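Letters are used for the chains, namely A, B, C and D, taken in the order the chains are written, and counting of residues starts over at 1 for each.
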């Protein structure tokens, strides 16, 4: 779960990290009144979960009412990489002499958190990591001990941060780690951490992503979760509790188990088709859930053909068959052709239950995918 | 630093451990009014840093005003193993069916904390440890991870605690460890942890000792420190900042470094004398401090003879000699004979400075101690 | 022969009194697994599926000589259950639970480096030595005994590949589902190393997927340390960057690490044929044997 | 030969800009110790006693090839300084600081078990290889080079015993003050084991004191593993139970563990003569050689 900049900043500020004055605004009027109370110059920043907002025109620095109005009109309501901007953060501009990077994330390969500091803040840190890896000082953190004071200092000095601000930066890093640790974050990051001409550090941006699996013990953060789905289908999948990812193709895919569904997508591609989605019904799905999955896929207007691939383990073929029947029997005409392949637990019982008038049955994964791809190709001709 | 029972109980109660109603009282009247507000029966418990208070008559259970008055009169002002009782805790008596033991301490051999649980509470746990070690379940705690939930459960189930109260006992143990950890305790202990007839657990006693070296970061606990010296001499040593232990003999001992002072004590004993004290002036003592040490030892009316044994490392012989001169020159007559042995850094300079009219000088530790023992023996003849 | 489990394995089920725990205990026992105890705090003295329940894993180890555990404990308590199994002198712990917080697993990972117990999972279907024992939730009937080792990050994909193998008469020594989380106990390298040392395993199938660098490390290990031939499969070729494909670990990061391409290239460089379809994987195994 | 330090040892002083740090750096250098750097956060670029100061120990290791550190850092920050030295690829760290909270040392102790660095101390005078190097605060002039190893929990008692030895012409290979705290890095067993492996050490003096069970463990180690003869001394025979005799670790617990008697018995049982006086210890060494 991603926090918005304004949410992350409030968490950071509560923990004692210096942040600029700021107010959230949803209209041009609110932007103007916020700018007035903060005092020009201010930055107007789109609050959407998109990287590279600045380059995409989602952040503007304004000096007066006229510019603020212009920026607010331009940003509020704009489409930023698929997300519509509904809110902006109006924030006092910082008079900076230097832009740093500090962050904490989970290093999956090491299986432990890593703290990072760089003098090259203000730009995409992943490009810095690729082009100039030495410019990022890294400290791997023992998960049992946590970030030790000497490690915070070492990261800061190894990154070449000026001795005048080293103490402040290392204390910001320590706080970032505490937040990461206490709040079950997957990432906490400040880029840029600005150094002002008077030698203070200020968090000019704030990133905080929370481990979804830990939200149960982070009720305050869970409350901050906002509807941030790209479209109605992903929202619907969230409501149904499916692992769902929408793609660009026309072959709708339903299956059980992440690896098998990914494989089904890959096979659609392999046989010349284009997957419309990833949809995992999970383990042990009952008839209702299966019907919901079909409803999901039919709701995607791009879908021309559906392939249902279930390898039963905990999931039982008879339940799958019932769900498919239920979902399809309500239609006078089946909206799109559905290819079904059932294997594993109770697959034979499922085959018997399945209403063969409503679906096309195939015995193997390869055959089922090929048939679904053909169906899609026929539909688009 | 030892907390009094009433202090430890208030810390435990704040952390959520159930404790009986109680009030501190300094007079018989206060005892009576406390008993009235709590309701009989109550326990009247001496608040002094002494083990085995119950056996020594420092705890009495009373049923009515008459008994309460009697108990208060008996306990307030009594001498308990050298400590005068100035305050009692008046506490609601617990109707218990079982007495358990739970505690956390540092296991020095393992270099890690250990959590302990036993069904055999209410008696001296050290005797249980000796006579029936199996009756105490122990969980060694990784200092980096802390006490894990499964460890608390395991200790409780391994100790054979009834399943009905196991959850509560394990939660008390978890809290005890958190307090131990957060408050820099050397020991946290509840003995007995009473189980009531209604199946609740209540801390009927409370022990909490704090690591002196960590008091700097435990300001709340440091404020609880009370004058708990056995006598005026130990209080004086505390004010001077000496490591001082009063003993029963008549040879006063001053030296630098714990091991060397202990050795000097041992040699006094070896040569037939009896040490009056352990007094370590520490490393790098200047003249003032040396004079204070002599003042300390002269203040002990049991002392008949003094031996001064300094092996200079950081401590310089000339400073020691100056301090001895300063302290002794103020007397018309030296109160007790002082034997001085100086070795190590600037020992020769010290010997030159030393006013040989005031002290007896010896070259070796053995000779110095023998001379001091002889002095004491002469004085007591 | 086999790796990690066989018919001597004595299993304690953590969370045996829960719905899933009870159901799969019965399934495991039906398959022939030697389940000797359950462990659930506060439930000591009860019986589930004819098996005695203890309050702690240590008691189950003391009383019933358990040497492996299977963990069906809800995510909030699962890391503690794993810690308990790692501190109870077991040879093997298998964590089925999905959705354990990643920071909990980082701590488990640290403790794992300090003990000798193998951990398989979490978020995995478990493992099976066909005809001897299964620890987990795999459907026993699709497996058959043979000389092919299988290690996979995915559950149902494993079944699919096993199906393709079994249909051709290619039985398995042991099949291990190592789980789809970012931080797991037994890695590809760990499992491959065990298969390499197993004289009965004549070929290994390794089913990877996008995310992380385990497959790349496995490729390096195969090139440097393995004589036993390996056939590979990588799921997620068509997955877009930045989208989590079901498994918490199955994600190609924005910076382009964890792609299927990188994994397939690494495996090919190590001499491992990577099939485009599960059927092609079975073809490769037939050729390698 | 010697143990732990010699004239090749390259020392970084943590806390070199403090009063004690500066004074003893000068003393160490005067003795001939190869002090190559200081480390104090925020003081990088300065110089103390002609030695360059770095902000971190790692920088001192990178820039000056330091392989040992001596720690003069106030108690509140000392554990962090030790952690830093343990995470900087040093062979040896010597912590002089007295008064480090015990819980901090428990964490240090855990980390120690994970690294190869030796820690001597804390709350110790350091160690010296006469004529080559001293790391710490021992008065160099009382030591002389020879074939007797010395290990002691006490500072000034060490000087006393060394004095008795030196007066008879019995020089030392290395003398190690391991410190008087309850939790320390190098134990008696660790030091004895190093002396046993040092071909130049022909006898060892071990000065123990009341508290803990290190001396008992040392006795067992001597009986089982040592050919080099050992002479012993135990301070605190007359200490009453429950009273801390100066050192945080020097306390006989109420339950009677840590007594001088138990230690002396254990050493005698291991064939170690225990002197009643420092002079008797020197007698024993003469006999053992």
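Some notes on this structure:
What we mean here is this: a residue touches a chain if its C-beta (ideal position, glycine included) is under 8 Å from a C-beta of that chain, and two chains touch if they have at least 3 such contacts.
Please read these numbers as outputs of a predicted model, since none were measured by experiment.
Steps from chain C to chain D, minimised over paths through touching chains, total 2.
Among the remaining chains, B is positioned farthest from chain C, on the basis of C-alpha centroids. Annotation: A-C is the more contact-rich of the chain pairs A-D and A-C, by number of C-beta pairs in contact.
A straight line joining the Cα centres of chain B and chain C is 55 Å long. Centre-to-centre separation between chain A and chain C, using Cα means, comes to 28 Å.
Shown for chain C are the residues in touch with two or more other chains, namely 107, 111. Looking at chain A, one finds that residues 142, 144-145 touch two or more other chains. Taken as a graph of touching chains, this assembly has some other topology, since it is neither a line, a ring, a star nor fully connected. Contacting chain pairs in the structure are A-B, A-C, A-D, B-C, B-D.
Residues 41-42, 44-45, 55-59, 77, 80-81, 83-84, 87, 107, 111 of chain C touch chain B in their complex. Across the complex, chain B meets chain A through its residues 142, 144-145.
Touching chain D in their complex are the following residues of chain A: 145, 148-151, 153-154, 157-158, 163, 166-167. Of all residues in chain C, those touching chain A in their complex are 75-76, 99-107, 109-111, 125, 137-139, 142, 152-160, 163, 180, 182-183, 207, 209-213, 233, 235-240, 243-250, 254-255, 276-279.
Per the touch definition, chain A reaches chain C in the complex via residues 51, 106, 108-109, 111-113, 126, 129-130, 142-144, 181, 184, 186, 211, 213-214, 216-217, 243, 245, 247, 255-263, 265-270, 275, 278, 280, 283, 311-314, 343-345, 364-366.
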